[in-house]
Amino acid sequence: MSGTPTFAAPSTFLGVAPRADAAVVVAGVPFDIGTTNRSGARFGPSAIRHASRMLIDGEHPAHWTSPVDLPLADVGDFAIALGDIAASLKLIEEQASAYAHLVTLGGDHGITLPLLRACAGRRGPLALIHFDAHVDTWPDNFGQPYAHGSMFYHAINEGVVDARRMIQIGIRSPVQRDVYDWTLGQGVTIVAAQEAHEIGPAAIASRIVEVVGDAPVYLTFDVDALDPAFAPGTGTPEIGGLAAWQAQSIIRKLVGLNFVGMDVVEVAPPYDVSEITALAGATMAWEYLCLLAASAGWSRSAARSP
Amino acid sequence: MSGTPTFAAPSTFLGVAPRADAAVVVAGVPFDIGTTNRSGARFGPSAIRHASRMLIDGEHPAHWTSPVDLPLADVGDFAIALGDIAASLKLIEEQASAYAHLVTLGGDHGITLPLLRACAGRRGPLALIHFDAHVDTWPDNFGQPYAHGSMFYHAINEGVVDARRMIQIGIRSPVQRDVYDWTLGQGVTIVAAQEAHEIGPAAIASRIVEVVGDAPVYLTFDVDALDPAFAPGTGTPEIGGLAAWQAQSIIRKLVGLNFVGMDVVEVAPPYDVSEITALAGATMAWEYLCLLAASAGWSRSAARSP
Amino acid sequence: MSGTPTFAAPSTFLGVAPRADAAVVVAGVPFDIGTTNRSGARFGPSAIRHASRMLIDGEHPAHWTSPVDLPLADVGDFAIALGDIAASLKLIEEQASAYAHLVTLGGDHGITLPLLRACAGRRGPLALIHFDAHVDTWPDNFGQPYAHGSMFYHAINEGVVDARRMIQIGIRSPVQRDVYDWTLGQGVTIVAAQEAHEIGPAAIASRIVEVVGDAPVYLTFDVDALDPAFAPGTGTPEIGGLAAWQAQSIIRKLVGLNFVGMDVVEVAPPYDVSEITALAGATMAWEYLCLLAASAGWSRSAARSP
Amino acid sequence: MSGTPTFAAPSTFLGVAPRADAAVVVAGVPFDIGTTNRSGARFGPSAIRHASRMLIDGEHPAHWTSPVDLPLADVGDFAIALGDIAASLKLIEEQASAYAHLVTLGGDHGITLPLLRACAGRRGPLALIHFDAHVDTWPDNFGQPYAHGSMFYHAINEGVVDARRMIQIGIRSPVQRDVYDWTLGQGVTIVAAQEAHEIGPAAIASRIVEVVGDAPVYLTFDVDALDPAFAPGTGTPEIGGLAAWQAQSIIRKLVGLNFVGMDVVEVAPPYDVSEITALAGATMAWEYLCLLAASAGWSRSAARSP
Amino acid sequence: MSGTPTFAAPSTFLGVAPRADAAVVVAGVPFDIGTTNRSGARFGPSAIRHASRMLIDGEHPAHWTSPVDLPLADVGDFAIALGDIAASLKLIEEQASAYAHLVTLGGDHGITLPLLRACAGRRGPLALIHFDAHVDTWPDNFGQPYAHGSMFYHAINEGVVDARRMIQIGIRSPVQRDVYDWTLGQGVTIVAAQEAHEIGPAAIASRIVEVVGDAPVYLTFDVDALDPAFAPGTGTPEIGGLAAWQAQSIIRKLVGLNFVGMDVVEVAPPYDVSEITALAGATMAWEYLCLLAASAGWSRSAARSP
Amino acid sequence: MSGTPTFAAPSTFLGVAPRADAAVVVAGVPFDIGTTNRSGARFGPSAIRHASRMLIDGEHPAHWTSPVDLPLADVGDFAIALGDIAASLKLIEEQASAYAHLVTLGGDHGITLPLLRACAGRRGPLALIHFDAHVDTWPDNFGQPYAHGSMFYHAINEGVVDARRMIQIGIRSPVQRDVYDWTLGQGVTIVAAQEAHEIGPAAIASRIVEVVGDAPVYLTFDVDALDPAFAPGTGTPEIGGLAAWQAQSIIRKLVGLNFVGMDVVEVAPPYDVSEITALAGATMAWEYLCLLAASAGWSRSAARSP
């Protein structure tokens, strides 16, 4: 450990400074008005950045890489439209389109739809690795068409995501059977939380690799995939979820996939406890960045050109 | 103290049961997506009801009246439209119109516009007693026209409120000078928080009586009128506010005004501490109900007919 | 997801309305004065009800049933006698006797004795599935005969519970060896927490089925069976407990048992964190109700007649 | 500041060691099963002791005395009977009778009855200075005769307290008018919270001196006399209470009264915030001890002989 | 309110961007290892910056000025030496010397010594306005010479502060009489907290103006000058302190003094509640900046040249 | 359960009284100024003692021993030097040298260096069982040579610990590869957290026994070895850690090792939740004491002579 203590680091993600040649860009989206239960994820970006200070110093103990080796920048928070879902989604998509490879700190899960639209706009239908307690393929959210329970319904219908290359891990909430069946019917692979506990991380990672193949793949990590013990600071908690080590173990085994973007969503600081949820969110983004650096298939030059 | 302990009371406001002849109705509005800072007031209604258990047993120690003497009912929470401000305001107005005399538990302050519209629809322009840290007469809220910083701009422009019979108590936030001047220019009386501390409750009550006269008057109590020490559980706190006893003292001196409705807004339980903000909110509604019962001018039969 | 958001639902358990033909009844018991360490479980019923809002919408993702399909009602909280254990237990038994099939939200674990008495009164000695960190078969509680550490000592001695058809899961607290040996000597099966972690949910479920057989069986879920990470909001926490997913996995495998009642106890909201313990308690009751609906052996008509 | 930092001090009140010749004795009473709302005061003694570390080092800035100059000891917590009010009150009275001058850390307010009995047993009817939000002269507590809302009803009826030399400061809860009138009718002086804010500490202190005269006087400080902003950690909070400085100002002006004992009650740590209520409780006891040392009328030798 | 919501603002103080011509500079000092009780103030700078978002939009409602009109920059946090008081103080002084007019966000109060040294180095002995619960003129801190209880002992002895032009407001902790007398003997004016409550803000402001005169004056605001109700998030709380409105009222009346620097210290986020202490700290810095802008005597060009 | 409830027990560890013939001594070290992130562990000793009340009554349910059978005393907290690492380490070593067998309650992990020096001074190089998220073999801590990230670097270099008999369990933080390789190069066995989850407690216990052999062995338990879900109250949390039951399971299998001392460190109460981290710390010390009592190799007479 050298230099100044990390608690005096800049308040960006991992303390990174803006840099002109950043191929990978971290951005926050302080948006949470589509939540169906507890809100507060609008403060997720700043909490995740603050918690990320624990991860600045040193290398990943399995990959032996570090995000600070990447051409990485934190561009701050995206503008959103107060109290207006439709206008906000449009703004998010526009801003996201400016970056080749985004790691986004949410915000509620509804932001993933415009992020996927922006990402797929450059690449065609995407594979999707989706950690969550909820399928998020409801056609609507208590009447609201575009919010954090329906974005994958739209993403699949819009062709932004290729459902046959989409896998969900940690699913366990109450759900209408027709919604569940529709999801399966589209070709989505669902690994329910109970199954995840039984088969273990290695088997899940294998299934992910099998589903995703070599397609361009986006990773969306809803922190409520974790059990509330590990992530109390979230809006729609469901007990019975993953332990943090399980999620880490799965992600670490995905070296070599063709990643094109990632988000961590639903960290709701007003419900957090001693920053443990924010730290979980920050760590998942850090795991992803270390994975990027470790992946043979990741090309800095390729990522640089939008 | 007789009967079962109040912690086993029904979970309605003050434990009141629905009753057919209720002239005064308590309702909750779990709506908070227009907040410009911290959200959470959607859980205000249930928190205020829970805290109200402290106030069930016994009479008001100054008025010697009790809300349970009133023909009072708690009708639960109003339906709102998830993630949609315009649709929610419309729904709130419709539901509010069914009741002759409403005491509403918010929710963010944006709900007061449809509540005033419903109330004025029956009575013409209303006088308004407005406790708050903010003038809430901004023309918009970071671009959003209808939210918790602009509803009195609209209420005045729409003629729902008579600005010359409107008084604000506790104002202290940063504010654009043109917004402040516009408010004064409409005829609104502003008692800034610092002035409130200096002149004291009796002088403020006198000024209220003078401004309001015998007009039908609505009382809107934004809990951030209180200092964050007394009301930490709110979305847009500003230091330097009223002490709880000051607000109580002012309200107790308003016996005889022609009250037509009341709301308590901006209680945000995720930020509350041991329910003290919820209790402050519940107590203000209880003070209002005891005041109603004490006021000579209040007629149960008159209030009963919508 | 249709209709109004669940955060605007009635404040009953799962938002259920009272119904005349309710065969299964939810009641709260706000009683906690027998706790040997931290109190607060008197507020368990309202906290569990509030947290249950997360579970209203949708079906159980393994059983594909829903509690709202059952003839279910929430009758509110039972009256108790302030500061008087003996009188309270008597009151609880009397009130419980009015219902054929009760799901009770505690309250400290001492309430299970009168609940069992009422339940057994109609059916004879009961089998018992007992999730807990503590054996609760002490002859007394620091001199107090009837409290939350001794109710199964009495239940066994009174013949309310058939010790040979009683199984405890999650046991791990310090305990006097003679108390432990007495319990074993009565025929009780004990699955200590360490053993539970080692053998896994399926083996435990098998053992339960073996012990219980086709006897009428009561399920008592002390939330401290879970590790404090999953249930910090409780009075006598012990580390090393079950994960939430393990408890759920066990319960889901009990389809077909002859259930006659259930309680969730020791949820102490003052020690809870972002409602995760209340949600765990609510979910266990929801798992039980979904299990009831799924069980072939459960007869709505049978349950209806007291 | 010399020696070891006070955060390493012994965990007694003010870090005082037991001493054989202690004329003034601090004791805790971890009893709270008579509370009519939130419990938790059983942990008051340890929390108050911990918070008292802030007050170890230095002298009182008005009296220029220090409790450590007194012959002071902390004898730990009194034994109580789990779950049994009557047996606990008996135990408390017995233990209290062993000490000539007790400063007791509660515990709920119900403990003051046995403390007064023990104290009056040596001295005849006592004058009483009673800080509280509640009159605590109800004949019963939801049916329970001896609990924290009725002890002064009994103390007056038993002749333990001389009602004409009893004064209550901070009263403001809802109360049945007949209870209030009975209290006044006995001769008790009531300074309601609103009046306290209006007339100020000096006038209140004068009134106390006038009421108490030179009678042996006991001071009972229910921390809910303070506003919940200053004392959130309590069981039956009522808004509109005293500021901490007001209570301190009043007590500091009571030099020369003939004090015979004191208690601080209703500090409920589960509801406290960063120990501010515990610190308020500790400071009131410290103010009392400094006042004792400053009072001309206080005789160490007299106090020493039971 | 225009533009993007302030919760999406940059994470600097008031969201200000760095600017080349900044005459007034905000810096954080994440240092707290000299605290004599609770630590945590190292996280004060980031918490104060986050809370300052509430103050970005609009003008000061008494001065009608705004910090964003000033040539203002936030340069982030100063480097400190982990676990080493002496080295840290040296580093702080060096870094502070680079700026003409600093507004510093602490950190514990020990940082004010190097800040004063740097400030006085350019200007000679300074007048000092010192808000605090403690005199902070102890010769040492439990043996440690340079920490948060002794820095004004050193500042006076070193001639960095002119004791006859130094005034302390809010003093109330236990203190050794010789320390208190030494402070008075040096010529320091002490306004004890009880006196502050009695004489009111206007009288205190007059006394400050009288003491300070036209000397270059530094304002140091220890947030524990406020009562713990208003500022629970601090390391050495003492009950009986100032209300937030009183401190604001005093500072607002100091227009025209010759201010040369300011700090806000002892905001300890781990003990804060819903950011109210951080907001109090942020608001005091904002009051100072608005005061600067309002003061006739403040010259931007003069401040610009170190 | 007999006697008085444990919540009225003395505030020592497990309520034990000092005793002249104590062979095993519990001491606290309220020191935390070397932490590289969040501080607060100075309050660890009192929090652990308070939480230990849950463990007083009864025997260990696997070993059937109890710490109160041991000749055990709690000597309170060691003196430390405020704000001075070097002087504090010296003081700690001196005080520790007075006891033959110490169980120390930290405090940050930096205290383990002087504890090991004192322990090894009597016995030569020690074997070390080290539970932690971090290797703690950095040569320095952001420039500070002696703090909680470097003590095992020094312990190995000083020959206080025999690196070939040292094993680390739970390691998972970011770390510089050269630091990690140096540690392995010295002969230390590292069981990373992910490996720990995969191989399970029994395999880990076997590896410990193999590494340690019959050497005198010290157990140091950094509570951040546990996942933040199980131990949120700590300074440098890392997700992905051990479950509490895993740590217990490992320790229980170490019967018969030649233990010479133990510490529990990094319990930081300001970040704890409902005492669960303090309880985890207390339980680990209790597990150790029960293990001591159960170990055939442990000789009370041997331990008694320094």
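Residue numbering begins at 1 within each chain, and the chains themselves are lettered A, B, C, D, E and F in the order written.
We adopt the following convention: a residue touches a chain if its C-beta (ideal position, glycine included) is under 8 Å from a C-beta of that chain, and two chains touch if they have at least 3 such contacts.
If you want to know which protein each chain is, UniProt gives these names: A, B, C, D, E, F = Agmatinase.
These numbers were taken from a predicted model, which means no experiment stands behind them.
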Key: Steps needed, at minimum, to go from chain D (Agmatinase) to chain F (Agmatinase) via contacts   = 1
Query = Is it true that over half of the residue numbers where chain B (Agmatinase) touches chain E (Agmatinase) are used by both copies, so same, or is it different?
reply = different
Request  = Please work out which of A-B and C-F is bridged by more C-beta pairs in contact, and write that pair.
outcome  = C-F
Matching chain pair for D-E (criterion: over half of the contact pairs shared, by residue number), options B-D, D-F or B-C = B-D
Whole-Å gap separating chain C (Agmatinase) and chain D (Agmatinase), where each centre is the average of the chain's CA atoms = 40
Message = Using mean CA coordinates as chain centres, what's the gap between chain C (Agmatinase) and chain E (Agmatinase) in Å?
response = 55
Note = Contacts with two or more other chains occur in chain E (Agmatinase) at residues 4-5, 7, 36, 42-43, 82, 141-143, 227, 229-230, 243, 271, 273
Remark   = All chain pairs satisfying the touch rule are A-B, A-C, A-E, A-F, B-C, B-D, B-E, C-D, C-F, D-E, D-F, E-F
Query = Which residues of chain E (Agmatinase) touch chain D (Agmatinase) in the complex?
reply = 36-37, 138, 140-143, 149, 171-177, 179-180, 192-194, 197, 227-230, 232-233, 236-241, 243, 271-273
Ask   = Which residues of chain A (Agmatinase) touch chain B (Agmatinase) in the complex?
value = 32-34, 36, 38-40, 42-43, 81-85, 141-144, 146-147, 270-271
Remark   = Residue positions on chain A (Agmatinase) within touch of chain E (Agmatinase) in the complex are 4-5, 7-11, 28, 30, 42-43, 46, 49-50, 76-80, 82
Ask   = Which chain D (Agmatinase) residues qualify as touching chain E (Agmatinase) in the complex?
value = 1-7, 53-62, 64, 66, 227, 229-230, 243-245, 248-249, 252, 273-276, 279-280, 283
